[in-house]
Every structure is written in C-alpha cells, then in structure tokens.
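The letters A, B, C and D name the chains in turn, as written, and every chain counts its residues from 1.
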C-alpha cells in the first residue's frame, strides 16, 4: 500500500546511502523535485541508473551523490554535454565516477525484464559494435530452437525507483499519461519507490479502460509536488522549459558557478519552488 | 497499408489452405464473423492457434478446417467441454486433430516474442509439471548471469492473425479498448492479418494519448462487420451472449445437430447476420 | 438458517482471504469465494483475473474469465502478456485461488487428462494459467468438491505443482513460494502438515463425519492433532452469497 | 534564391525519403530532414521517435526526443520498452535516420568517445538507440557535416555498425538489413559501392569542388562513374524549412 508523505519524508523513507536508484522519465516527467531532495539530504555513494541522465543526474553527480552511473545516452538533449558528468568522469571532481554503458534497447529491455521478475533480458542487439568489448555485463544466449545468438543483459532491479506522475487518487493509485517511457517498469522492477505527482484527486473518473495506472500496492511513498518535473514537463500541466535546458550549459561549465547555482536554487529551496516554475510556464503558455 | 474489403474478399486475400492461423480475442472481441467466413470458404488443413479455443474453434474443427490445434485452455468457459474438439481429437471426426499444448503464460509470452521479432520467449514456468514431458517445443535456457534455468518456447509467428476490433478510422488505423488480450501481439507477430471492426469512423477523435492502436501499415485487410464478435462481445457495443454459450453445449454434443446448425446458421448465412444478433443484444440491454 | 454443502464450502473459502490480499482469481468456485470475501469481511481485497483486469469489483460473477463486467469495474485492464509477465511472474500476488479436476494428497492438480495423455479417457481443458500461478503466487488456495474420482491417490497428469512428493520438494525445485496452504472442500478444510506437507484435515464442516470424508478421498486421510468444526455460515454470509448468485443468474439469462 | 550549406544538406536529405516510408527519426538534423519531407513531397510519411510517439506530425522541431509536441500530434504513444521490442526489433521501419560524431568510409559511426574508451579525450553522449536502429531498420540514412575530424580513416570506437569492413560483412554478421544506403553531407551525397560497400560520392552539391570534399574527408574519396550535381533547393523547400526553423526557435524561447 502506498503512503502519502511530504517529499522530504518520502525520500528519507526510501533512499539510503549506497542505494541503486533509478530516476526515470523520458524527457517527460523527469522527477527533478525528488532529485533535489536527494541532494538536500546529502545522500552519498549512490549508483544512479537512467537511460538519459539529463540535467537531474548532472546535478546529483556534481553535488557528489553518486559513485556510479548506468546509462545509454548521456547529454543535454539538443544542447550539448553534461559538464558536471564529464568533470566527474574525466577529472574525478568532486569524486570519481564509474560508468556502465548500454544501448537504449538494452536498458529498455532490462527494465522490462526487471518488471517481469526475470533475471535477464534477451534481445537482438549490439551486432558488430564495440560496447560488448568494454561492458562485461553484455553476454549472449543461444536460441535452442533456431540457434540464433542473442544479446543478454542483467535485468535492472534497483533498490529504489523515483518517478514523477500526473495524478494519484485518494486510494494511492498513480496515473501516468503521454510519453510513459520506462517509468512503470522502473517502479515495478524496484524494491522501493518514491512517486511525486502534480495533484491528488478523489478518483480518476472517466478514463481509458487501459489507462497506465500503478495500483496502490505496487507503489511506496507518494508526495504531491506540483511542478515537480520542472524543467522537464508534465503532459497537460506545463511545457518543457527549453530555455532552462539551454541556460544550464553555461551554469554547469564552471564548478563555482554550478555550486553557487545549486546553493541558491536547490540547497536553499524546498519543493514549493517547483510550483512557482510550473505556474510561470503555464502563464507563459496562455 | 491496410485495405478495406468486404469480409469474403478479406478472408480470401489472406487465408489459404495449410496456413497457420491465430484467431485471437480473450473472451472479448472473438472474431466469429471472420471464422464463419473461413468455414464458408471451406479452408482445409489449417493449424489453428489460440490460447482459449472457445466456440469459434469448436465450429472450425467440427467443419473439418483444421489439422492441428495449438492452445493452452480448451473449453466452453463456465459451461463444459468443446464437444466438436473432443470428437475430433478423441475419435478423429470429421478428421484427425493433432494438438500442441502449452500454459497461458507460455502462449502469452510466445505471442509477445513474436510481436517483438524474437525467435523464442523465455519465462519462469512449467516448474514441476508434466507438460514439458509431452511437448517437445518446451525447452530451457540458462541465465548467464544467475545460472537460473528458465523455460523457453518458440515465438508464435502465424501466417495470418484474425481479430475483431472496435473501430477503424478512414486511414485504416485500428482501435482496440477494454480487454485487449493478445490481439495486438497476434497481428504484429503475423505475416498477414484480417481485422473485422464494429464501425469505420472518420477519425478516432479525442482519446487517451496511449490508446491501443494498430497503425494502418501494420494491418492487412479490414472488413466492417457490426456484431462480428457475437456471441463474444464488443466493449461499449454489445454484451456477451452467455445464453448462446450455454445453448452451444447441446448443439455440439451431437454430430447431426451440429451439422444442421452450421448449415442453417453459418453456411447459409452471411456477415450481415451478425448485425442482427448484436442489435438484439443491445435492445435487450436497454 | 439452512444451507448447502456448496454454500458451506464457498463461505469457508471466502473466510480464508484477508482484506490485504492481492488475489489471482480462477474462474468458477474460486471467483465466487473471492467476491463473497470482497462483499463481506474483505472490502479492500484486490481481485485480478488473467484477462488483465486489475482490482476488479464485479457486481455479478463472470461466466468467463474475460466478461465485460470485469473490465467495466476494474481499476485498469492490461494486455494478457503484461498480466503474465509484469504481474504474475513479477510476483505481485499474495494468493492464487484455483479449482481442479483431480488432486492428490500433496495438492498437486490435474486439469489436463483422465487416462494417458496421448490417448485420454477424458480430455480436460488443460492448465490455462494454473502451472505458473502455482509457482508464482505467495500461496495457493484450492477449492474443490470431494469425490473418489477427483481426490485420487495418483494423478494421471501433473498440470500444476503443489507440494510435489512432499517435504521440501518445492524448495528442491527452486520454488520460493509456499504452494497450497489451504484446500477447502464441501466436507472439510485441509492444510499441509508442516513437515511432510501432506494435506491434513484441520477443520470439518458441521454435520460431516470422518467416514464420509474417507469415503470421498482416494487416500488415507490424515487429521491434525486439533481438528475444529467449521463455524456454520452466518445469515449475512448466506444472504450475500445468494444475492450474488441470483444477480449472476439473471445477468446470464438463466432466468430468461 | 540564396541558401546555406546546411539548408542544402537538409533539403537533399529530405528528398531521399519516400511518402510510404516508416522512419525511425534521430534527434537534430535527421528530425529536421524528416519533417521537411513530411511538409513537402511526403505528406503521409510515418515518423516515429524513440520516445514511443508513433506517426507524429510536430508543427515545430523537438529539442529533445520526447517533447510534448511529439505526443500531442501522434497517432498513439507506446512505452519505451514496447518501442524497442515490438516496433524496432519487430522490424517495422523502412528507414532509420541517424546523425553521428565520427564516421568512416564504410559508414560505421562513433558517438561514444574520442580517444581510448577508458580514458577518453572527449566523452561523447553514447549510442542511445543507434546500435539497434542500425541493424533493425530496412536501410539507414545518415546526415552529417563533413570535417577532417568527423570523417576519419579509423574510428576510435564503433558505436553503430554500418558496412563494417565492407563487402558482405553485414551478411557475415547475420544482419539481413541493407545498412547505410545514403550519407548526406553539407558537400555531397554518398552511397555504398555495390561491391565494396565503401561510401562513394554519387552527387555533389552546387558550387562544391572535389578538392573541398577531399580536404574535409579523412580518407581518399571515391566517386561513382556518374556523379550528378544535386539540384539546388527550390523556393518552396527553402521557405518550408525556414518556416519550420522559425516556428521552432519561437517555441523554444530563443526569440524571447
């Protein structure tokens, strides 16, 4: 059964130093508010899993929360590099960062296998490429019917999944709509979960019979954080803050600029700051 | 690109003697109208695949269309045996019938693997049971990461998938809602497909961003057959005709009664008969 | 208040369910028991059918596992591959509730064939979801009427695995779940002996004798050191169950 | 009408697409080319992004692969595991349209690292969907600006497999798809030689010299026996492309 908690308690209840954490959201619904809370709680030695690390992991890595990153595409989409990631990986600042690199297909299949309770995912992939030479977690299995050799990767089974969703109902069920990415799989694959939502409603009302819903008993802690996906977006609530993504490049290039920005915008702020951003974006859209 | 055709042409264009055919629909949306057309066209030597053969396959088998049945639960749900299936399997009337038997989990995974373009499905199943002793298509693979031994079955890749859906739009996209079963997987796994629909609409209009839709280019022939799932049901159109399912038991018990019923209700009828049934059910519901 | 043996069986089965259970519901008698529990002492129980309907609250019992009623009253409905991958294999069920055609003393079930598989005396429906339900759900409840031809010394075919040959057989098979923990019949309630895992009578329904149980069981029946009498169905349990069956009969056009 | 080399490249890339294509669209220049095709000669082309958005018709170019615009204008949106399993691995794409950081003469791509993998000179974003797009799509189109450091004799890392070492290397790898059939740059259009599969210039953009191509290619460039001049962008192509970029800039708040 899911529990409604303030964000700080939700994160505290689920995430410990040394945990393997998957904060998912494919461009859409990236859980920035929860990520910032992890930074405020100064978690350390995390293994961070995410297909597209995005700004949220650049911030966590730059603040020294992570020992290792598992990913398939690491960048600021349409803008350039994640400078904090590169500084940590290439120069060990503020701490050395280990990486485990996959393709999108491998990670998507590995989340799917994790949700399905399997120990591995098999797929037709990594043909003729170099990644298997540098990632020992890429193996192969042979089909006993056709003899085809397929790629195999371990299922992703994080200690904690963190996602941002659109709505929870009073019973603690969670609704996602739009670009659903791998969020459902991440929560079903994880031992514990933290879900932030735009709003809590009495019930979901009329909806598709096949709506993407995580039932209460599959979810851990739920925190209502309007705007909690900013500068990512929430379908039907507010648009992606592309200007923020572009501005991040300059902020993250320099260590001191980054630290000052994080102090002012994360360490000295709380979840309520996100509502301000999303309201500004909604206003701008009108 | 899908093509709109009259039912007879749709079936003629896709299904040939000796084909492997999957007519799916999990209680909901069973493609009876298309199945009856296959009987009228006197197709022979078909391998019929279906998780729950239901009345539609009892009728096809009793009319001598099938050489083999691949299934995981064969019965008249809540009523009893499928007498035509048993007569064919146990006494070879009207023709001998070979079977390949699986569990639901195996077949659901095999359809999923077929849709995913994989040669096999792996799952945690068949533990301690006898089916692997009598079905040589149940093998095992060992996880290279954990050493766990998992069950493996070949992916289902039928020559033809036949389903009944709710709507098609003018562009030939197909919408399914409610209990979606394995219909989407069956169509994506098959080389060819026949889709009957309750209605053709200009466009689907406002819907869930994640609606279950088969795009036009994944579908073969589409035939508009209102009531085409009767005595199964179509979510939002008409209810399941449970009385028909119960009446079938007596009809199918006796070879002559069965043949007479098929002559009057299938051989001498056309697709338009289904609209009558569904309108009767809709009227009764009001 | 007068009641039938089937009503006693269904009521006893419903009582075994907890309000917090996540239950994979088989069609027929298991479905009746699960919905009786939901309509009496376990209003929040989560009922899931293999058709993909999650947290469904049917007002009438489905004739088939995929009746529209199940979808109309569900929290949401997923595809059948997802049901078997993310939900069943994913280990999200506390209880799997099954019926069967043949059972042995270790609660292995046969719903496949009577007689040899290749040339059966009677061809039964087959396993459906049962083989994987039996290994993936936290524990298994079984509801079956007792009769010599259904409670047999040896199964013609093992469709789903209970306690195998007993003892630690499940563990030796690498199965971590508990397997059958309750077998509810029209005569009694059986539970596995902690050591041997043989299904052992722990409660007898009112008015049922050990002789009658013996006469309807194909193996020498063992009894727990303490055997209780099953409390008779309450008036509420009976009225809710009968109301459910009456609504169901009307909905399925039996009245018509 | 005056135009830039990037505009010529995008227009030439768009022209390579057919109205009947089902295209897996990479972000950036491929996305611009695919949407230009959709807004000009290929109105019915099916564009799919790895975020799960199927048959999307964005009015502005996405900055990221999962912008809301893609979902709002899509026929439907599926999960990312489904996109990679049922749609990409399922073999439903006629074209995969990619960009890259480094390319070699057999159109193998590197978007992973410059320098050694363990201690890179420059760490690039990595493969994303490219490794499996390259093997699963019917054919691959690549759009890249030419420069000596991007068109290299030897890749530091093979992120996605083109024609490997050339000849029948794909077939020997058990890959049935065609691989890179067009490489569109700011200077020319390359296509694989039928035998060696080396990417060979088949068309040169107006005003571009072979010297300039040689100066921007890290291997001795081969030319087809017949080399055409790429028709210059039409007024319509340019106005549609510029309109698309203008709408995109406004939407992304660059104007602001």
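The definition used in the following text is that a contact is a pair of C-beta atoms (placed from the backbone, for glycine too) under 8 Å apart; a residue touches a chain by one contact, two chains touch by 3 or more.
Just so you know, these numbers come straight off a predicted model, no measurement behind them.
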Contact tally winner between A-C and A-D is A-D
Dist(centroid_CA(chain C), centroid_CA(chain D)) in Å evaluates to 57
Report, in whole Å, the distance between the mean C-alpha point of chain B and the mean C-alpha point of chain D. 41
Starting from the mean Cα coordinates of chain A and chain D, work out the distance between those two points in Å. 28
Where chain A touches two or more other chains at once, the residues are 112, 117-118, 123-124, 148, 178, 180, 185, 209-212, 235
Indicate the residues of chain D shared as contacts by at least two other chains. 71, 77-78, 85, 89, 136
Chain pairs that touch, as defined at the top of this document: A-B, A-C, A-D, B-C, B-D
Within their complex, chain C touches chain B through residues 27-28, 50-53, 62-68, 70-71, 77-81, 83-85, 88-89, 112, 117-118, 120, 123, 125-132, 135-136, 157-161, 164, 169-170, 173-175, 251-254, 256
Looking at the complex, which residues from chain C come into contact with chain A? 20, 22, 46, 54-55, 71-72, 74-78, 85-86, 89-92, 136
Sites on chain B touched by chain C in the complex: 26-28, 51-52, 71-75, 77-79, 81, 85-86, 89-90, 101, 103-105, 108-109, 111-112, 123-131, 134, 148-149, 178-182, 184-185, 212, 233, 235, 239-240, 242-243, 245-246
What does chain B use to touch chain A in their complex? 117-120, 122-124, 137, 139-146, 148, 150, 152, 154, 177-178, 180, 207-212, 235
Going by the contact rule set out above, which residues of chain B touch chain D in the complex? 1, 112, 115-118, 173, 185, 188, 209-213, 215, 217-218
